[in-house]
Amino acid sequence: MKEIVFENVCKSYGKAKIIENLNLTIQPGERLILLGASGCGKSTTLRLIAGLEEISSGSLYMNGQLVNDVASGERNVSMVFQNYALYPHMTVADNIIYGLKIQKLPKEEIVQRLKSAVDMLELNGLEDRKPKDLSGGQRQRVALARAIVKRSDFLLLDEPLSNLDAQLRGHARKELVKIHQTYHQTFVYVTHDQVEAMTVGERIAVMHAGRLQMVDTPYNVYNRPANVFTAKFIGSPSTNIFTAHYADRSLQIGRQAVRLPEFWSAHLGKNGCREFYLGIRPEHIRLEQEKPDNMFAGTVKYVEEYGNRCGVYFDLEGHEVVAICERTECKPGDRVCFALEADKIHIFDKQSTKNIGYPEVYCEHFYQYQSV
Amino acid sequence: MRIDREIKWHVLLCCALVVSLAPIVFALSSSFKELSEAYTNVFGLIPQQPTLSNYVQVFSRLPLVQITTNTFLIAVAVTVFKTITSVLAAYSFVYFDFKGKNVLYFMLISTIFIPFTVTMIPNYLTISQLGFRNNIIGVILPQLSDATGIFLIRQAMRTVPRSLIEAARLDRTGHLRILGNIVLPLVKPAVVSSGIMFFINSWNEYVWPVLILKDKANYTLPLALQLFISSEGGTDFTIAMAVSVLTMIIPLMLYIVFQRYIISTFTSSGIKG
Amino acid sequence: MKQDNKRVRKIEKKQAWHKFLTGNTLMAYGFIVPSLLVFAVFMFYPLLHTVYLSFFDWNMIKPVKTFVGSQNYMALLQDPLTYTVMKNTLAYIVILLLLNWAAPYLLAFILSFVIKRGRDFYKGMFFLPSVISLVVGSILYLWILNPVSGPVAIIAKFFGLTVPIWSKTQGLIIVVLSIITTWKVFGYNFIVLFGGITGVPQEVIEAARLDNVPLHRIFFDIVVPMSSATGLYVFIMTIVQGLQYVFTPIKVITQGGPDNASSNAIYNVYQEAFTLYHTGYASAFAIVTMALFVILLLVEFKFVEKGIHYEN
Amino acid sequence: GDSAANGKKIKIEYWHCNAETQGGKTVEQLVNEFNAQSKDVEVVARYNPDMYKGLMQNLQAEVATGKSPAIVQIGWAFLDYFSNNFSYVEPQKVIDEYFPEDKTFLQDNFLPNVLALAKNGKGSQVGIPYSLSTPVLYINRDILRQAGLDENGPKTWEELIVFANTIKEKTGKYGFYMQEPADNWAQQALLESNGARMMTNGKASFASEEGIQAYEAYAAMVTKTKSALHISWGEGVQSFIDGNVAMLYTTIAQRANIQKGAAFDVAAINSPAWQGKPKRLPAGGCFLAITAKTKEEQKAAWEFEKFLYSVEAMAAWTKGTGYVPPRKDVATAENGLKSFLAENKMMAAATTQMDGVVSWTSFPGDAGLQAEQLLLDVRDRILNGSISARDGLVQTQTKINELLK
Amino acid sequence: MKEIVFENVCKSYGKAKIIENLNLTIQPGERLILLGASGCGKSTTLRLIAGLEEISSGSLYMNGQLVNDVASGERNVSMVFQNYALYPHMTVADNIIYGLKIQKLPKEEIVQRLKSAVDMLELNGLEDRKPKDLSGGQRQRVALARAIVKRSDFLLLDEPLSNLDAQLRGHARKELVKIHQTYHQTFVYVTHDQVEAMTVGERIAVMHAGRLQMVDTPYNVYNRPANVFTAKFIGSPSTNIFTAHYADRSLQIGRQAVRLPEFWSAHLGKNGCREFYLGIRPEHIRLEQEKPDNMFAGTVKYVEEYGNRCGVYFDLEGHEVVAICERTECKPGDRVCFALEADKIHIFDKQSTKNIGYPEVYCEHFYQYQSV
């Protein structure tokens, strides 16, 4: 139940194809995160589920039923619109409970749900305001409250917390998960916040230019990216990707080479890889000052301070590489070195940009690798 | 202060106001003058010898309460009917899709261009056949076919942000409730101004009632005014002004009573929030 | 190509709403039927009747109607009066558009975005005259504007000016009758336009303010396009209703004179039908007038609508 | 009739256009009196705004539905149009058929020339004259005195022109205004008194030399010496009453209005004549026509008319409206207007010029109304100075005669 | 030049005081970040600077000139509105260049600025669209582009990147800094993103309920929070705050006590602190499994996975405490310990909740501590 199945779904506006051949099954009661660059079709996907846009071709099933032609109102969906879509003429409270009134819920029930949503989203005291008298974040919370109180089978959230401060966002996130645990709705959640994606999502679907790139657990999306796009897209700063060569059991970047462990060599040899993209996350590069053997070396270009951490940007054979450190004494011009951590590197095919996979030793983690 | 920057506007606006309100003041003050004073003391805002005789004369000659009631009933009936049907039709034209929609809309809107003289005689025959001559129903009926409200309200409905309708649709809101709860509040300015126009036009309608109404007891106020205007006998200006004041007074009073509501309707800015 | 793309996009966008829109055809008609009924009886039927009459020579009471084919239409085309009347009509339209569309648009703009104080006061006051009938207005103005002895003439005399005898002056008469009409129509149009302008989000204006956009550009570049749905309504109504409204002062003050200098299409139909009892001819004239307007409307549908900012 | 036998009164409608300022009250009073004394007839008076033209419009619509009132007031200008297009009964016919005792009522009580006013081109007595008016000259004696003129006013048009010019020079005020409603009534008086005829043998003939000269003289006052005012009727009367115009040429029906409004020494005098020529003054006002269809209604209509034409009712009518009684004897009878006329000097201006009354030209045929309209149009053009009186009248006469063919 | 000075500025809507007695000097050409909870008055502050709201009392100086009564247009300000405020009837390109047209810049200049903004914000290909045909993030970028092209002296940005994905956001952030370095505008920047605040901001102003809490460098705001609110507000998860006691040269939490270094003891003694709030950032708690002396110990409640890091929530004497680790093997129920790192703790007065300051040893870092 409460399952959503996309079968070869396409959506175009005129000639522009927005969603191309989407095949995706959203499990009943799961929390699926939609991730993707701005304009890639996330909101459109939600609108297709909600029935606010018509599918150009393909089939969409919800609850096992073909819903291509089912009206929005009958899909039992609630949605937080990216631009809120609050009713400007209604007060906050009326905005929130309007849907419930339509459902003709008993008064007490409505009052109680309103209260709990208002409490949860810290909207107390604003109940009688009109949307135009609210701050941006307050409006967003009203939109969220309106979606939550309905307790529909499907909850579609389009960047529902983007205008909230970190504290409130953390709080709301937790509450959303709690709600989910109580009502087991199917969540489809668009966010640009990685922490949100990781904490709220049970699975993450990564989209790019209307095409699904990868659907998997947060862990795998992060640690076993299916392709270069996913690797680069998830995490900030972005995964370092550079062209590398395999030769002589060594991995070569420019004129520097580092010997690979046996299983990697075997794996690369088996796959016949000679030139490929190497991916390493910034947080997986441990910089050191002195250079022992078997390390790559570069020159620091600049350092970015993130408060609790900092990013060291250095030049490695013409590639700009960034490493994240807890605290560093590096200055521009310093020489830094790092070793390859064998379980933290990713190799992508040069043509298809797909992940060629990992040596078997790492595959226990890699339980459900699924490329699309 | 900021008000300084506004001051030139205020001066301008006040001048415009004086010009536009002067005739009303003039009418009011003349209605309390003797005819000869009206001629000689044109500028006197306050009559030198104020008199109620104009009003006394009007009241003694006419069943004014009856006449006012008639006018009011007609205007209210016309306003209510037209407002409701216009809202419904406009909604249908904007939020439904059906065969012949555009043609139908075009046909309705085209009727705005029909000079009223065109429909006068055939409608008179129709009303006679229906037996509504000399009857306020006969005054009401033809006034109901007026597409201006549909036009205005449809224009307004077309600017309601689509996402609001979408939000409502997700809630499985039926059309009637979308209309009542979402669309109507948002197009209130258009609906209210249509309603006002319906009321005022019907209140002041003259050509048609002249044709239909024969008995003084059935008269409407604009007809009563005609009783005091005659090219040959001359117009008794002060009495005409007294009747004029009487015809204005109800719409003015209604307006003043509802002004706050009407104005606030037009102030609920930020529809598109 | 681009055009094409746009159209397709539009169609698709429409499709998205299709189900929502078509699900309830019965309801759709149900909503329209009440209007349609009265229209059928009191608008369409008389209209057809008029079309029919326009092919006859008749004066409404003669027992026999003489069928004359298109003769009325031919006569109308040949009558120089037709062209005078049409020229006057055009002049009225231009003046009314200035006074009853452009001016209230500006005022509505000034009241919503330029001044902050006294808005409600002005709104209430400017609206006032529109509740008053034009018959009353015409009588009043005939007095007030009397070029020999009216208050305006007296004031003018004080400044050493003489008021032209407008009621007998070609050209000027159209201006004055339009002004009288304006006195009534202005406030209403103003309120409607104000309603339209309140739909323009404050933020958008603020954005323009920040750019130091001069007021007139804010008006033309932002407010007018964004309130164009209402603007269009008032535009058309100013033309159509304006001409019907002017009818009253024409009838009360000039009866179309001097030498037809103040007659417009609507009044001329009335004059032909009810003063001269040329019922057939008047019908033909009415039909032609209407046809001209409908063409105007078609043009509007075809071209102007594209530039209008609608959400739906 | 039957209805009388049933004890029910037969109801008939009387259509008039007498506004409250123009005898509306008297209509009501007369109708009430009649209803009170009549056993079998009940009259309902219906007011029609916008004068005889407005009444005509309403009648048109009424007849189109197949109904009609019993008695209607028809303006003289509509005599021809009415008799051509509506069905009516000649009063004598009703009398002959149902009221033999009144056989000579018309003969006995009306001057032939007055009765003839309501005869159409074909010689049918369409109705009986009811309201009779003639144009008179109202003068502002204060201004005349101020300009050093004879306060009794001009006797001839030639004098009037001199008066007007003098006033213009001496006081800067306008000397003269001749009414300009949507008819040519006053202009007809001007032209015909100079020997012109609006119509001769069914054809327009006003553009004779006499007609042209008269019009030229009038136009010259407006366009050349600017001593006369060219403005709409309402404005002109207003300007006279508030003392900006010295002489006003208009109907006697305006008397009450002028008397009530004027705050100066006002008088009404006979319409001027042209030097050495007889006055010809078109009759204004209306006649009553019987449009009742059924016998009962026609009978009832006459009963009411007979009442209206009684001396007392006629006197009341004159008092209420300022119209001159069309019936003999009323002016002199004790129960008539004797005392009223003695008191009301202004009224005399009209009653003493009845010998000059002629019928108000109503162009015949379907195009008659349009012909009248053409005359109006040319009046504006002549007085605007955009065409000479000669050219204007000649062209218009040609056009009208085309139409009348 | 380009300086903004708030002097006792208040702003109320009706009875509600939104900004209370704001005193703040924004240096010419600096990048100031406004941080604060949703609804605390950030947008309002920007709107005051922009002249879109009238100041209820106090004075606002810009460029040294009192601007209380200066019209918005004359303040040479551009702004990214929180809800974009795009002109719906204009195309993307027209939206962006409208302000320039008004300034009557030469055509080529306009074209060139448009192009560079479009490129920078990756809006290519969308120039002819109307806003309603754009995705949320695209709209936001148009709003940003519109503000940037004007090159005004003051650039006000109200959460300008909130709807962008992390990559694009990182990119835009850098470009914004570049723009700043070229034109030296005064930036006032509202954001909820800590990384953004730290990387873009030269100083950060923290607001709470209409009152300024602290204005200082990112480093100090993060490492030397002026009060409990600031400490808790900056950083996610939030700084752990718990009541602690000082006695016997030890810091006591519940029944556990840990000995403090001499300078802390001296400092606390000097300040006469006995009971106070102790603040420790989650990332400054290094969890260990075995318990040597002088450590606090707790029991793990649950673990949150953030992709590259994880949060361990444990119970310490009834307080829920969270620690951030790179990677952990902790499971709920495990026992964990941590030591106090003397330079990473913060002591706040129990009454005023203000930071009591740090022992002198740490004060070199603490160069410009400024509490408001």
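Some notes on this structure:
Note that the chains take the letters A, B, C, D and E in the order they are written out, and that residue 1 is the start of every chain.
One rule holds for everything that comes next: a contact is a pair of C-beta atoms (placed from the backbone, for glycine too) under 8 Å apart; a residue touches a chain by one contact, two chains touch by 3 or more.
The UniProt protein names, listed by chain, are A, E = Oligosaccharides import ATP-binding protein MsmX; B = ABC transmembrane type-1 domain-containing protein; C = Sn-glycerol-3-phosphate transport system permease protein UgpA.
This structure is a prediction, so every number in the text was calculated from the model and none was measured.
Number of steps on the shortest path from chain B to chain D, with steps defined by chain touch: 1. Graph distance from chain D to chain E, where chains that touch are one step apart, equals 2. In terms of the distance between Cα centroids, chain A is separated most widely from D. Contact counts per chain pair peak at B-C. Between the Cα centres of chain B and chain C there is a gap of 16 Å.
Averaged C-alpha coordinates give centres for chain C and chain E that are 57 Å from one another. Mean C-alpha position of chain A lies 59 Å from that of chain B. Between chain C and chain D the centroid-to-centroid distance comes to 39 Å (mean Cα coordinates, whole Å). Annotation for chain A: residues 13, 51-52, 71-72, 83 touch two or more other chains.
Contacts with at least two other chains are made by residues 9, 18, 20, 60, 143, 149, 201, 274, 309, 311 of chain C.
Those residues of chain B in touch with two or more other chains are numbered 2, 42, 120-121, 161, 169, 226, 229, 235, 237, 268-273.
If you check the complex, the residues on chain A that touch chain B are 50-52, 71-74, 77-79, 81, 83, 85-90, 98-99, 102-103, 131-132, 146, 150. Within the complex, the chain A residues that touch chain E are 13, 35-39, 42-44, 82-83, 133-138, 140-141, 158-159, 162-170, 192-195, 197-199, 218-219, 222, 232-238, 281, 283, 304-309, 326.
Interface residues of chain C facing chain D in the complex, by the touch rule stated above, are 59-62, 142-143, 146-149, 165, 167-170, 253-255, 257-261, 271, 274-278. By the touch criterion given at the top, residues 53, 57, 60-61, 63-64, 81, 85-86, 174, 182, 229-232, 234-235, 238-239, 242-245, 366, 369-370, 373, 376-378, 380-381, 383-384, 386 of chain D touch chain C in their complex.
Against chain B, in their complex, chain D makes its touches with residues 13, 17-25, 44, 46-51, 54, 57-58, 61, 64-65, 67, 133, 181, 233-234, 237-238, 241-243, 251, 253-254, 256-258, 260-263, 284, 321-322.
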